[in-house]
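Next come two complexes built around subunit A: one with subunit B, the other with subunit C.
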Partner chain A sequence: MATESDSSQGAFSRWVDSAIESPEKVYRAMFYVVMLFFLFTTLFPFYWLLVLALTPNEAITSFGFPPVPNGFNPEAFVNVFTTVPFHVYMFNSFVLGIATTAVVLVLASLAGYVFGRLDFPGKGPLMLLILAVSYFPPAAFIIPLFRLFTGNISLLGVSSPNLFNTPFSMVLPFSALFMPLSIFILSTFYGQIPDGLEDAARIEGTTRLGALFRVIMPLSAPGVATAGVLTFISVYNEFFFSFLMTSGEANNWAPIVWGILSYQGQYTQLYNLMAAASIVGVLPVAILVVVAQEKIVSGLTAGALKE
Partner chain B sequence: MGKVILEDVTKRYADVTAVDKMNLEIEDGEFVTLVGPSGCGKSTTLETIAGLTIPTDGKITIADREVTNLPPKDRGIAMVFQNIALFPHMDVYDNISFGLRLRDYPKEEIDRRVDRASDIVQLEGMLDRMPDEMSGGQRQRVAIARAIVREPEVFLMDEPLANLDAKLRVHMRTELQRLHKELDTTIIYVTHDQAEAMTMSDRIAVIDGGELQQIAPPLVCYNEPANLFVAGFIGSPSMNFVEGEVTSTGLSTPNFDVEFDPGQLSGVAEGDHLTLGVRPEDVYLRQGSEGVANPTQSIPARTDVLEPMGDEIFVYLLTGDAAEPSMEADPETSKNQLLMSVSPDSDIEAEQDVEVVLDRERVHLFDTETGDAISHTLEFPATEAGAAETETEAEGDD
Partner chain C sequence: MATTDEGIRDSERSGAYVSAVRWMENLSDPQFAYLLLTPVLLLLGLIAFWPLLSTFRMSLFADNLVGSAALGEFVGLENYVALLTGERDALLVRPFLDPSTPFRSALTVTLIFTLFSVFFETVVGFAQALVLDQDFRGRRWVRVAIIIPWAVPIVIQGMIFFLLFQPNIGFLVDPLQNWGIFSATPLSNPVDSMIILIVADVWKTSAFMALIILAGLQSVDRSLYDVGRVAGASKYQQFKMITLPLVLPSVLVAMLFRTIGAMRIYGLIETVVGCNTVPSLSCLVVTTFRGSRMYGTSAAVAFITAGLIGLVVSVYIVKYADTETGA
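And now, the complex of A and B:
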């Protein structure tokens, strides 16, 4: 296409001719098109958030295309924290995420050990049953769980504890919902650790449980990291239970979703702050993913496990 | 001390009995090898001693303490595995000191013991290496150091040399013997390699089908095998077996007869089916048999295949009329075959008619049905004469 020697043909026709001769060109072009499409759909929302965050709220109504900020107002990133205690909402989300991840990793490790390393009748069906839990729509659980966590259910004269507005009302359902996937991931990884290593650890002085935490888990670090990161991100991004299990105040363990919505009053909508808060809220997870991804990739490429 | 006693130890899985009523008594400081073919239950036996497998039945005592249901960590044992099983995420120091750290030993004590153990197995200067930076032999030494550092009552070794190359294996064999001398600790060693068992052990326990066949010093197993299985398993190449029938003058096999007085053997009557066993080195060419004090009658044979090994030549002989090389080497036709070992300077050729004799003092007789050994010689000492057998002899038909 660089040479214009044949003037009877347009540039496009010449490109088509050469593409027929060497189809790799088409594949490369398709790759770029698809990649640009995904980059656009992934990154444009961030750009749009940045535009909104930098535009003063008074000027936020109309944008041309491509959208550019109507003004420059970086103060929004400070006002995010002064208007509402957004840092407390973030802290709440972190605590919920870390608590859930810890619960899930400990329990899923035990289950993963059993499913990955032991043989017992009914293993396959039981694994399917556990996985089925994660296919249930969370909405199916919300009303009974809400009644349970607000002390409205009593069994033998003992009423259920009031967990509304506490972290437990979210950590418990999160753990239950995100556990099956982690069990599945970990049982696959734990199942690949050679029996000899566990035997050696037990001979050297650990119990089965000790061998799990001292030898099998460290050797399955990529799997544990994968399960942990997936759980943390799922909790951090969770909307449904986070929205319904607290009344929305920062000191009632309301997570980020409530923080963002609290810029919206009955008469004012601080869209610029909502956008800025969204960016601030995404950053920690983005950093976590980048760091963890490197760890996961390095763990996976370290080669097959040798005894 | 490190005495190990197994009483009627049995391990049954859903459909198989891996270990069947195993009784073993291993003395303190003894080097005992459990040997047998693959799947014979020797590894399962070791696992029950280690505590990695809990036996279905029976009792295990280590150092005067019943340990049958104790977890491995409370048994005072250390183990070296076939696949070495070093922890890949720990360096050599951490691997060796793993057990000591779990038991909260003080740091100086750990350092002292790790130094000593790495000294014994010659690992100086490698303590900060990771297992995947080491060769197979070095890794095996780390595994041994990890075992000796805890100063256990008993060492268990599950085919520790099986994954090493042949040269290193022979080297490590002597190392292990040296180690045993130095530490003077009970060692229970599992292998399927009878050469390893012969060279290292104080006693060999031959196991087949989950049952103990014989436990005895290596040369006793070799010279006086308790039954057909031990006779065939110990020794390489294997002992020759020829089935025959007892007559009034000895044993008659399809291709040759061996003379002896059946009355001298208790429980043997004319017409009984016995299996004659003779090792290749106890078969001689007739013209070279001057050194044999009590040769049998000469047996006509034809040489088939020669296997020069350098220090000796293995000669496959075909006996009997049907002296045709049988291509279909199924056990039925191979009963015409006799393996002989001759010195490398004998000028023997393939497809040659020869006459061979057996050393009567070293011919074994086994009961064909039960496999039990009846005699390990045909030259009976005068005192062994069984007078009572004369009656049963009369009943025997020809």
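And now, the complex of A and C:
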């Protein structure tokens, strides 16, 4: 005992001595401690989900620390889809995400071309006006939009179409809210394409729009991918309109928000399924982050810093 | 016959197409610019600008709780006055502004949440950025680990923290209660819930802070540190005299974006504790228009929220301009 503590003390004091000689070593040690701390805090909640998902529901009671699965029940990952149609909610989320991304990429490409490559009176104020949209809270849009999409607004005696419970009631607000960032990203990318390339395409006989979609857009592929990935993730993560624009049934185009909440609302004791559903729901974006990490980083920092 | 018919129709169609193209090619730059912007402006007009103006107009009308019409008579700014003086509180699920119960009234709840979450996100985000700024093996994967919470859907973020602090199952509730930090049911206690929401928000969005601050760090000219070292500055002094002033503008930008986000808080509350326990401004907008059909009041709350965010944005822009010119 005594020798052991002696030797460990010896090692420790030796380390302290060397550290006093070279402070670099202390910084390095501090750095690793901080890094491991952040790895732990960001990843631990996912581990907790896994613990809950693998523990059979009747074995879920107060866990000690550190929590470990109280049994092994991978069936939860099957029951997630049979208790509520979670796959339908996820499918709906994918459809909404892809549709919004397509709309945003086409419209933001047109606008990005205009702001990146053309000069015209009113350009600056117009860009500001478009960017200002993203400053407003969704709560400032919701009441009129809700009434519009539930057919309560009439113009010249014709009432608005009832879009509540259809993808349109979500794709339209998503597109409007997430478009400004994409316009911004695309206009910086499109603005960097040399004029000569566009002129060459035009001389070859392409139209202006043809030059945009066949020359400028393919050459700016990284920018287009960045805008697309960010838009898709934003839609997949969105809560406000996803929650308020459907009644919450899977066959009413309700997205993943409602899939998760339906466990909380109807099956209040099925904690293992809540955790399993959360894991399944996170997987698509987690994969996207691993694959498109550079795009996300460049898109977020460009969007924030250049304004 | 059929083939010639089709041939004629084809040439007609391409004729129309050709003339459309020719018309488009002959537009001047400004005309072409506005033509391309038309779809974007139409969409934003219908989904963003019209609802904003309409919300403002609604906020000037009284609530109509009995008839079929959504709005009562025109009352000017009465809704705003009633909200800010607390007269309207009795009709709302939770008061709008009641300084005696700061954790129960919408305006104070939103401000407390914003202040604390943005502060801790800045500190944590800065530390994460400093870690990611180092060179080490596996840096790419550490970056992935730090970004992933940012990409987690709000509803799943909420579910995670609901499951962490649910009394029957959470491993955190008992010890925190024994140490006297939390009550036995933290998810229905307003102060405990506020702390949980702030922790959840910091967990998810520090990564966004970190990435923007990291971009700022990496644009700092490395030779400045050599100068600092030659001048005998310690690591801490180098950080204080070189890093901090040069990174401050990007920190401010990151804080601006996070403040805008924090003031909109809704989904996280709805999933973790419910709008009754922690009523933010957005919560109040939704409960008053969906539950009580008080469109006038709800619109006024929504517009006050937007105005508050606008105010904060302009404060940041002034600060930002200061750091730019001061440097």
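Keep this in mind: the second predicted complex is superposed on the first by the 256 of 307 C-alpha atoms of A that agree within 3 Å, B and C clash if a C-alpha of one lies under 4 Å from a C-alpha of the other, contacts with A are read in each partner's own complex, and residues count from 1 in each chain.
Going forward, contacts are C-beta pairs under 8 Å (C-beta built on N, C-alpha and C of every residue); 3 or more make two chains touch, one makes a residue touch a chain.
Bear in mind the structure is a predicted one, so any value in this text is a computation, not a measurement.
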Room on subunit A for both subunit B and subunit C (clash or fit): fit
Superposed model, subunit A: greater residue contact from subunit B or subunit C: C
Partner chain in contact with A:Ala276 - subunit B first, subunit C second, else both or neither: neither
Partner chain(s) touched by A:Ile216 [first = subunit B, second = subunit C, both, neither]: neither
Which of subunit B and subunit C A:Val114 touches, first, second, both or neither: second
Contacts of A:Asn237 with subunit B and subunit C, given as first, second, both or neither: second
Which superposed partner A:Glu204 touches (first subunit B, second subunit C, both, neither): first
First, second, both or neither for A:Ile142, with subunit B first and subunit C second: second
Angle at subunit A between subunit B and subunit C, C-alpha centres, nearest 10 degrees: 100
Contacts of A:Ala53 with subunit B and subunit C, given as first, second, both or neither: neither
Subunit B versus subunit C - smallest C-alpha distance in the overlay, whole Å: 5
On subunit A, the residue positions that both subunit B and subunit C contact, one per complex: 207, 305, 307
List of subunit B residues in touch with subunit A within their complex: 50-52, 71-73, 77-79, 81-89, 98-99, 102-103, 131-132, 146, 150
Complex contacts: residues of subunit A adjacent to subunit C: 23, 27, 31, 34-35, 38-39, 41-43, 45-46, 48-49, 52, 60-65, 67, 107-108, 110-111, 113-114, 118-121, 123, 126, 130, 133, 135-148, 152, 172-173, 175-177, 179, 183, 207-209, 233, 236-240, 243-244, 256-257, 260-261, 264, 271, 274-275, 277-278, 281-282, 285-286, 288-290, 293, 296-297, 300-301, 304-305, 307
Interface residues, subunit A side, partner subunit B - complex: 194, 196-197, 199-207, 210, 215, 218-219, 305-307
List of subunit C residues in touch with subunit A within their complex: 21, 24-25, 29-30, 32-34, 36-37, 39-40, 43-44, 46-52, 54-55, 58, 70, 127-128, 130-131, 134, 136, 140, 142-149, 151-156, 159-164, 166, 168-171, 173-175, 203, 207-208, 211-212, 214-216, 235, 250, 253-254, 257, 260, 263-264, 266-268, 270-271, 281-282, 285-286, 289-290, 295, 298-299, 301-303, 305-306, 309-310, 313
